[in-house]
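What follows is a pair of complexes built around chain A, which joins chain B in one and chain C in the other.
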Partner chain A sequence: MSPRPGFVLDVDRSTPPTLMWHGEGFRLERLPTGSRIVYPSEPFEPIEDADFAIRQALENPMGDSAPLSALLRAGMKLTIAFDDVSLPLPPMRAPDVRQRVIEAVLDQAAAAGVDDVVLIAALALHRRMTEPELRHALGDRIYDAFAPHGLLQQHDAEDPENLIHLGLTDQGEDVEINKRAATSDLLVYVNINLVAMDGGHKSVATGLASYKSLRHHHNVHTMQHSRSFMDQRHSELHSSNWRMGRLIAASGVKVFQIETTVNNDPFPEQFSFLAKREWEWNLRDRAAFLAVSASVNRTPERIKRNIFNSMRSPMGLTSVQAGEVEAVHAATTEQVLREQLVPVEGQADVLTMGLPYICPYNVNSVMNPILVMCLGLGYFFNMYRNKPLVREGGVVIMSHPTPWAFDPVFHPSYIDFFDQVLSDTTDPKEIETRYEESFATDPWYIHLYRTGHAYHGVHPFYMWYWGSHALAHLGRVIIVGGDSSAVHRLGFKSASTLSDALEMARDVVGPHPSITHLHNPPMLMAEVT
Partner chain B sequence: MKALLFERSLPRYAAARAASSVAPGSGARLGPLHLTEVEEPALPGPDWRRVSPTLAGICGSDLATVEGHSSRYFEPVVSFPFVPGHEVVGELADGGPDDGARVVIEPVLGCAARGIDPSCGACASGHTGNCERVAYGHLKPGLQTGYCSDTGGGWSSSLVAHHSQIHLVPDSMSDEEAVMVEPTACGIHAALAASPSGTALSGATVAVIGAGTLGLTVITALRRFLPPGLLLAGAKHPEQRRLAASLGADQVLDPEALIRGVRRHTRSMANGAVLTGGADVVIDCVGNAESIDSSLSMVRPKGRVVLAGMPGAVKIDLTSLWNREVSLAGAYAYGVETVPGRAPARTFDLAFELVAEAGLGRLVGARYPLDRFPDAIAHASAAGRRGTVKVVFDLRPASRRPTWRSA
Partner chain C sequence: MSGLSDKLSDTLADRLGDRLSDRLPRLRLPRRPSAFPWAPPNWPTSVPMPPPESRTGSDYETEWARRYGVRLARAAVLDGVIRPLVHGIIPPVVEGTDRLDGVEGSVIFAANHSSHLDTPLLLSVLPRRFRHHMVVAGAADYFFDTRLKGALFAFSLAAIPIERTKVSRRFLDLAAELLDDGWSILIYPEGGRSPDGWGQTFSAGAGYLSVRTRVPLVPIHVAGTVKALPKGTGRLRPGPTAVSLGAPITPGPGDDARRVAQRLEASVAALADEFRTDWWQARRRAAAGASPSLSGPEVSAWRRSWALPVSASRSPSATGTSGQGNGAPFSSGSGSDTPWSRR
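The block that comes next holds the complex of A and B.
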């Protein structure tokens, strides 16, 4: 049976309460009659023989690329770059797609007699992955074969010795990327595409770039002119990466892009109720929900976080395509949108959403308040094409505990950004003008990024910029059930219940607001007409 | 006359200490401080005047005393029983010259007040806060008015002051501003201790820990008399943060965030909890083990920590001070100051000027009659949390007290 597509439910008196994520927990909320709930499609069936599909893709490339086997030869310099720990979410059950793909590439490289092979985690300005994370993404066999010899590297955007400036785009954007990757005879990029923004030229132009290069598109202007950054047709982020990618190609860097999509099936069996429509819950779903809820309510925060972070997703491979970057990415995007796109008529006055415990930047750590903002107003708000789910001047209501908590190892500059920048201003443009450079060039943050597991000093700024379009668009942002001090520091309003939040929203949008709820998981992208 | 009297009573002192350890601010109910009728203090000599206090502040050292936390260091330099209160504005009330004039008391009981002639070296050079004779002369021991059984103190309706202690209050100055002169003088003295050589700090980073009365007056004084290149402040409570910013701090942070702010602004690295670089000067206006430790962690090598808050007995690790060759300096009271670009001036003269210019009378946030002293002490102990800076006893007749509208 083919999966049912996403749809919009009109809430009436018979509609059961709606399940919302609330960090490492859930809330069942009854939305007012007349509200709408946007449900994603059911997960697509995964490919049965993933390894076969991968080999097929490598030998049947898209665009003007030759098959991978034809590009490999003895004596060549081969670099394989791969997406980092920020994808997929949650981390998938072993074997990870990256492991499957890279093993296939390495088999072919070995058959062709390629000796000079280096693997690079395409971190951009993200934190370095830990050994367990690398082992999980690549498998023990690859890790043990490459890491001890220094052949498994993590991109260092602050290593001047291993960066190369390839030139300026016609818009004057610096293109500076990893030297090993750029000077290889072949750069194979292995991607996992979870949302429409991922992949394409962004893989190399962002994942292997320096701050000098990234700052041209990771900025307030770009994000406010990407409507949305999930929609390639109207994304300045996308356009900038494409200009850079084309310059990279024109500079002679030969990229063989391998993109994969995974299905919308993020949580294991015991959490299957999360992705079900509430009126279809059976006895087992209800029991599972009650058991999980009771358990998380009784569990201390840190232990609860560890339990959720140890969760592995059963998501399966739904497509793999390889070859020339743009041709590959067109096919990938089509596959992502086929599963995630849901038509929605009209914008609402109020958009509600439950935010989970995880986003791309807090894998294996706490979701700090800046990341709460980024997930809600950066990612979820931007999951649209054409126009946002909420009207200009409308209200977003997010449910999340928003603890005043930070991981000092992963997010040291976030702590200072929260204490020293947001206490002064929440205006993205002002923040960018007054503070970005000092954080980006801070030697302590650079040291922690290069030698520890810290996100780059500028990273919290990017998270804030990610939500800058929403901040400019919205009349108010309300967080339900959050730490009120942390919420206020973000510049948002705090409410203890959804009813209170809706009451507060009425002050902004009027007494009888239209309400749309963005249901997740899994993920969806709204086509708003 | 009515006065709050502090008597030597070890059981009561211990009770206050125990009570305030559990519930800060509760020491006044159980401790040696009590409201009673006492004889007005006699005039010790011809150069002495009688003063009727109108407003008398409660300061951190008063709280430490009342709550049983003051250091045993003070035992030889106070005399019991005494009437506390050294932040005083009052009126001359003995029929002498300028009778009825408003005055502020400079409370240090130095050589002049004690009839010691010749004066000690410190007093001779105007640094009365460093007087070497505060337990000698014709007065009983007492480093200040408010700690000496012969002079009385501000928490009463009458005290005596030597003419060298008396400063006339200009008509343009309100009582609230006048009562802020003494604490402001302390703040100025601590601020100027940041540069003992009297050189400007225009390129320096200065961090101030604490934003109670002392911290806020230090910030104000730094901005006015010794403006640093960057002035960072650590403040715990919202009203303190607001005031610190309005009085001249470039950035105000939560106390635990201050060291990270200093690190970032000075582009320092860190060795464990200690910065490799740091602020040129840290002024600690709290004075507990945690704040001193924090000061030593955020000051640069060869930098200077000014200890302005009264510390008491603390346990701290001084290894970083030794290893990084940090100077640790105390700052107490007042005397004669060197302000860059100006002639040497008495701290109190600078304080009158600064209080008026910065409108520091606004820091007086709560007034209590003497008979509500337990409430006053409790309020002062929780001043920051309750959005107040300075709590005072108001000894004026009801007709002269501000109404809620004018207040």
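The block that comes next holds the complex of A and C.
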């Protein structure tokens, strides 16, 4: 049976309470009659023989690319770059798609007699992956064959020796990327597309770039002019990356792009109730919900976090395409949107959403308040095409515990950003002007980024910019059930219950607001007309 | 003064009460147990309700009943309880098991059907290599109309649901898969128990299954069970029974389901004749196409009942032309023999 598409439910008295994520927990909330809930589609069936599909894609490339086997030859310099730990979410069950694809590529490279092969994790300014994370993404066979010889590298955006400036785009944007990748005879990029923003030229132009290059599109102006950055047609982020990608190609860097999509099936069987429509919960779902909720409420935070972080997603491969970047990405985006797009009529005064425990930047760590803002106002708010789900001047209500907690190893600059910058101002433009450079060039943060597992010093700024379009668009942001001091530091309002939050929203949008709830998981993208 | 002491004692009592209530475990009542998620959710009125997924009748899932543990339990029940009861209450005489000697792998057993005792009887007397690896096609509307009954018969008889009125794809697919996996099938081509003790027309289902899977069809004739427990009564009357197995019918390349079904019916009729007379007479009549019909004479109801064989015991003087029923003599299509003799 084909999966049922997403749809909009009009809430009436018969509608059961709606499940909302609340960090490492859940809330069942009864939305007011007349509200709407946007439900995602059911997950697509995964490809039965993923390895066969990958081999087929490599031999039947898209665009003007030759098959991979024809591009490989003895004596060549081959670099294989791959997406880092921020994808997919949650991490998928082994074998990871990257492992399957890279093993297929390496099989062909070995057959062609290619000796000079280097693998690079395309981190951009993200933290370096740990050995277990690399082993999970690539598998032990690849890790043990490459890492001991220094042939499994992690991109270092602060290593001047291993960066190369390829020129300026017609908009004056610096294009500076990883030298090994740029000077290889062939750069194979292996990607996982979870949302429409991922992939395409962004893979190389962002994933393998330096701060000097990234700052041209990771800034407040770009974000506020990307409506949304999930919609390629109206995304300045996309346009900038495409300009850079084309310059990279024009500079003679031969990229063979391999893009994969996975289905919208993020959580294992025990948590299947998360992705089910509440009125379809059977006895087992209800028992699972009650049991999980009761356990979560009685478990200490750290243990609870470890349990959730150890969860592996059963998501399966739904498509794989390879070849020339733009042709590949067009097919990939079409596949992602086919599964995620849900038509919605009209905007609402209030948009509600439950935020989970994970986002691309806190894998295996705590979701700090800045990342809560980024996930809600950066990612979820931007999951639209045409116009946002909430009207200009409207209110977003997010449910998340928002603890005043940071991971000092992964997010050291976030701590200072939260203490020093947000205590002064929450205005993205002002933050960018007054503070960005000092954090971006701080030698201590750079040292931690290059040698430890820390996000780059400028990363919390980018997270804040990620939500800048929403901040400019909204009249108020309310967090339900959050740590009130942390919420206030973010510049948002804090509410104990959803009813209180709705009451507070009425002060901004009037006494009879229209309400839309974004149901998650799985993910969806609203086509708002 | 007394007021002061009252006040003091009240205060002490309050304090003591508070302390006690702090120390005693608090009774935690479930949070609104009648509400979701404790209770099932409502179905929103704006969402069309899909037709309920049927889990009974021909949709009943019986896969669990063929797992090894369940098979083991069923074998214990069959050999430890059902077989002794069958041999004690309706002692069977079995003939023709030697006809299965050369048969390997799965077979489709097809028998006439006149009583609920037929299945336990056959499961008790068929060779061990078949009876512990066999499913029984049971009427979906009768044995699987509730999940409880479905579970009971799936466990005790390894029953699988079959529709009486049509040959469903679901049944055929499942049956073909089971035959392919080495299971044998017991099927009643008449589609249900005889209402009056006489046979009914055989449907083509068993023949179709045999043609499709090229699995041999073994005709079986059962006698005596209708006397012990006829349709419509709940009273068991102990008495002898008889089971005759015929030679396997293997569909040839040009055979169609209807032709195989006709051969099957003729074989069962010949077995019935053989049971009442002897092998040689039955063979001669079968060769001449003159085996007495299983469905009895087309006369009034009481005369059909009157003409029924009275016992499953074989008479030493049985000749096939000897005794008649208590009523007027009946003749088969050829008019020469009178096979519906009462003994």
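Methods note: the second predicted complex is superposed on the first by the 529 of 529 C-alpha atoms of A that agree within 3 Å, B and C clash if a C-alpha of one lies under 4 Å from a C-alpha of the other, contacts with A are read in each partner's own complex, and residues count from 1 in each chain.
As a convention for this text, a contact is a pair of C-beta atoms (placed from the backbone, for glycine too) under 8 Å apart; a residue touches a chain by one contact, two chains touch by 3 or more.
Note that the coordinates shown come from a computational prediction; the quantities given were computed from them, not determined experimentally.
When the two complexes are overlaid on their common chain A, residue A:438 makes contact with chain B while staying clear of chain C. In the superposition on chain A, A:424 contacts chain B only, with no contact to chain C.
Within the superposed three-chain model, A:346 lies out of touch with both chain B and chain C [touch as defined at top]. In the superposition on chain A, A:415 makes contact with chain B only, while chain C stays out of contact range. Looking at the shared chain after the overlay, A:510 reaches neither chain B nor chain C.
In the superposed pair of complexes, A:447 makes contact with chain B only, with no contact to chain C.
In the superposed pair of complexes, A:286 makes contact with chain C only, with no contact to chain B. Of the two partner chains, chain C is the only one that A:278 touches; chain B does not reach it. Set side by side, chain B and chain C differ in how many residues of chain A they touch, and the one touching more is C. No residue of chain A contacts both chain B in one complex and chain C in the other. Taken in their complex, chain B has these residues touching chain A: 251-254, 257, 260-261, 263-264, 267-270. Per the touch definition, chain A reaches chain B in the complex via residues 415-416, 419-420, 423-424, 438-439, 442-444, 447.
By the touch rule above, chain A contacts chain C in their complex via residues 9-12, 14-17, 28, 278-281, 283, 286, 289-290. Residue ranges on chain C touching chain A, taken from their complex, read 36-38, 40-47.
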